[in-house]
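Structures for review follow.
Look at the two complexes coming up: chain A is in both, with chain B in one and chain C in the other.
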Partner chain A sequence: MAEEMKDMILEYVVDEYVDEDDDLDVTFNTPLISSGIVDSFSMVSLKVFLEKKFKISLPDSEATPEAFDTVDRICTLVRKHQG
Partner chain B sequence: MAYTEKARELFQKDIQTIKDKGIYKEKRFICSPQDAEIEVEYPEGAAREKVLNFCANNYLGLSSHPAVIQAAHDGLDQRGYGMSSVRFICGTQDIHRELQDRVSDFLGMEDTLLFPSCMDANSGVFESIMEQEDVIIADRLIHASLVDGIRLCSAQYDTFKHMDMKHLKKKLELHQDKRHVLVVTDGVFSMDGDLAPLDEMCALCDQYGAMILVDDSHASGFIGKTGRGTHEHFNVIDKVDLITTTFGKGLGGASGGCVSGRKELVELCRQKARPYLFSNSMAPPIVNASIKVIDLVTSSTELRDKLEWNAAYFRKGIEAAGLAVRPGNTPIVPVMLYNAKLANDMSRDMYAEGIYVIGFFFPVVPAGAARIRVQLSAAHTKEHIDKAVAAFRKIGEKYGILGLDKKGIIEKYGM
Partner chain C sequence: MSNIGSYEKRKENFSWDIAKQVLGWKQGEVLNIGAMCSDRICAQGKGDKKALIWQGFGGKQKTYTFNDLRVLSSGYAKFLQDLGVKPGEKVCLFMDKIPELYISFLGVLKMGAVAQPLFSAFGDESLEVRLFSADTKVILTTRKHVKKVRKIQDRLPALEKIVVVEGNPNKLRDEEIFFNVEDAPVEDFEVYKSETETPSVLHYTSGTTGQPKGAQHVHGSVWGQALTTSWVLDLKDDDIYWCTADPGWVTGTSYGIIGPWSLGVTQCVLDSGFTSAAWYQFIQDNKVTVWYSAPTAIRSLMRDGEELVKKYDLSSLRHLASVGEPLNSEAVIWSEKVYGLPFLDTFWQTETGAMMITNFPGMKIKPGSMGKPFPGIEAGILDLKTNEPVTEPGTVGLIAFRPGWPSMFREYVKKPDIYRSKFVGASENAMPPELRTDKSLWYVSGDRASFDKDGYYWFVGRDDDVINTGGHLVGPFEIESALVEHEAIAEAAAIGKPDAVNMEVVKVFVTLNPGYEPSDDLELNIMNFIRKRLSPLAMPQEIEYTEKLPKTRSGKILRRYLKALEWGEEVGDLSTLEDD
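After this line comes the complex of A and B, so read on.
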């Protein structure tokens, strides 16, 4: 289940933020925000996706650049809110 | 005293962090009027140097145009220095109304509202018209002032990949359940100089019942056959719902901005936009000079034609010299260097050659996309441009990047 979630989020991140000609290999541990792949403005798209896909509500105080910086960290946050 | 030593040390540490990251903004002083040729004190305290300016937003060369200066003098003589008021109390003169009407005619919009700056216009427009049940869908590379304005309002927001129409369509489908949908884009993107495909965007907005707002700050006065802007270039003047733009770039270069568009939307800004309600009116000399600017750009296309020629001539020269430039057809020509230090070093060397240009790197542009952004002006002569191209060739040769593409430059210098 956890692996499935990670794959799903990774697939979304690549589709949403990586251009075909970017030549980037994004993995579960790739820094997304601190590396500039995802900027703080467009991070909102990821939040919208997570809330819809996993039927959760992420408070702004927790949807931080740090918490969204890798797929692994995002999974931790989602699991916390799934209860 | 509340400003304790501890507080001072912490703030000093913050400043040092900025310096350590290599993103500290140095002071540069221009000791002459803004123009193609300027006198600069840089670094602070150094002897003044006469250099050619290739980094101003002075697209039409109107910053120091004699007719504009005269109009500013006339405004000062006839309507005074300042208004000492916000617009809605006692800060609106007949010339503010005249400028608004002239801008509406020029842009082909129903109504216009002046703001102290376009930054203010962008800060105020979204909170005035969008509510919680609405959504704003923005291009990911829109100007920082639009980002701030969107964050300040209560509407939901989402983003789409830069100028990717398939992605925009996907987002429009995703948000069909919202009350109002507003698509937001720059007309000309200031860092890349590329034009938003407004024809395709407006067609998508029609299809999905969405409104569109275009920040045309880097286009008003010179993009399009008669300089109306990006919407004229793509022949969608009647399809664009809102334009925000500035009098601080092509249209004069001083300050002031506006929201122009559907009359109900502009009226809501007049009633609700906080930067309009709580900040002073544009000063009379600037208003009067801006009216003169509209006179100049409507009476002749000479300046925008010259700018177009200059941009094409520079682009041809720089490409022939073997530098990597982003393709485009605007007066913004990014010379791509990819590596931040290289961009910084080359811009410093260009200054020593008498060419004033600036290197841009993350976070101003995406990581690994450092560049020197060159901005052409109608005030540049052919000789100015030849000198700039020759300097780029010389400095490019010094760093061994002539003829190298993105891959070659990154292999040599890294990202």
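After this line comes the complex of A and C, so read on.
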């Protein structure tokens, strides 16, 4: 289940934020925000994706650039809110 | 002792010529912003002084002296000249906050062309509208962003050259030019002899109706930018200054380039997005003394709390200021508590080119107030119905200014009628040169405020439908136009909805075409559609599906009705509302 979640999030990030010719190999540990792949303004759409897809509600206080910086960290956050 | 000293005395004895004294500028010198921020500082013996301390993603750092700025900006100037760019032609700068952006900005101005910086997060449609409107001749961009230009270049007949100034040169197309200024510094460049009214910088700003408008500024704006930088930001020769704004917006050029560098002050740039910890670390590492930021960032810092502040040594800070949207009193009080310094609010806009109403160093601060008009600026509040100046403190009206300050925008590109509409009292056929100098008129800002008995101004809100999100103005028309290009959407209305951090975020109401149903996937699809086409700022953070949008009998969507409902305000006169 955890791996499935990771794959789903990674796929979304690559589809929405990475261009085909970017030559970027995005993995579960690739910095997203602190590397500029996902700009801080665009975090909102990523947050909405997570909330819709995993039926959770992420408080703004926890949806921070640090918490969204890698797919691994995002998964940790999602799992916490899945209860 | 602050640079301004006594606000009241400065008001009494004011002349914009004081800016020339502050800069040590003598009659007969070339009035060219590019040279004033580089060559001129070197001529003052500060060539070896640090001009730019830059940090990017992954902690990458670069430092440039004023002499570096001089030879590298001349490198850009010569390159553009050799490319065939003529004075007055528009050169777009479309890149992240990398050193090339700051240096090429000076280079464009040095050779007499007009610098048109655009926010690098703009999607291809936002980019196209602005390049088409300006008849932009050349775009300087990076490998990362050239893809957006490729998508639209066929629809831009005036665009002759695409130049990539950073990134991997091996992946460019044949018609694209790669230019690395580090390989082509120029020692001696004959700077274009611009004058007060020579066009310099072109910034686009959004309005309620129609596409964004290009606000044209001139080289003579430097007097306003330099003097406000000196008196409001209080920059001194040994300061380390950090303006967090992006030069794709006016704060990033007026106070992120022109103000500090015309005064020969060292500035820092952090190009790695926002996290509170990274920002504090940056202040600590660079011993930042003066910090000019925005309420959205300040509220985000507040959210991350006081404990985080205590982990860093921020004792270098001596003066803080804010711009972009009204700074709430809680943020002022909080900053004084945790940094030992209040953020001082400043009010101005793309069109004004420089600060207009501000809180000054040494002045009694009323948290939540915009402050007082800058010396030399005649401000007023105009009655909402009669447009006459109000005299009673506390009366809400339109913020207006008498024309004629140096950094005032000179025109909206190709839109003289819209320019005229910004001036109360303008005659029917008046053109920009007369409008901007006629002191019997009022330039109306589009914002509402009141003043109190002590002459402090208090912001109330926009007077139109423009959405202010995180200090950036977003036009509802732009969003609606893009939304109806989505295959699922029949009609759309965009408004600003209240947000604790960003002041407003975009909310849209849409009706769907036959065959489409609301769903989570569709919602995300629409959000990302707008994010990529326009920008992340324009992306709706809420989408409400509706069967029908409220319209006037003539078919115009009533945004104000939707906004009033959203904000819990009176909906006002609905006599023009279409019957069911």
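A few remarks follow.
By definition in this document, the second predicted complex is superposed on the first by the 83 of 83 C-alpha atoms of A that agree within 3 Å, B and C clash if a C-alpha of one lies under 4 Å from a C-alpha of the other, contacts with A are read in each partner's own complex, and residues count from 1 in each chain.
Methods note: contacts are C-beta pairs under 8 Å (C-beta built on N, C-alpha and C of every residue); 3 or more make two chains touch, one makes a residue touch a chain.
Bear in mind that the values here come from a model prediction, so they are computed numbers and not experimental data.
Three-chain overlay on chain A, with chain B and chain C in a clash. By the touch criterion stated above, A:I33 is placed in contact with chain C alone, chain B being left untouched. Between chain B and chain C, C contacts the larger number of chain A residues.
Residue contacts after overlaying the shared chain place A:S61 against chain C, while chain B stays out of touching range. Residue contacts after overlaying the shared chain place A:A2 against neither chain B nor chain C. None of the stretches 291-299, 327-335, 363-371 or 543-551 of chain C clash with chain B in the superposition except 543-551.
Comparing the two interfaces of chain A, the one with chain B and the one with chain C have residues 16, 19, 35-36, 39, 41-42, 44-45, 48 in common. Interface of chain B with chain A (complex): residues 138, 140, 147, 156-159, 161, 362-363, 366-368.
Taken in their complex, chain C has these residues touching chain A: 57-58, 96, 121, 147, 171, 272-275, 277-278, 303-304, 470, 500-501, 520, 523-524, 527-528, 531, 535-537, 539, 541. Chain A contributes residues 16-17, 19, 35-36, 39, 41-42, 44-45, 48 to its touches with chain B in the complex. Only residues 16, 19, 21, 33-36, 39-42, 44-45, 48-49, 52-53, 60-61, 64-66 of chain A touch chain C when the two sit together in their complex.
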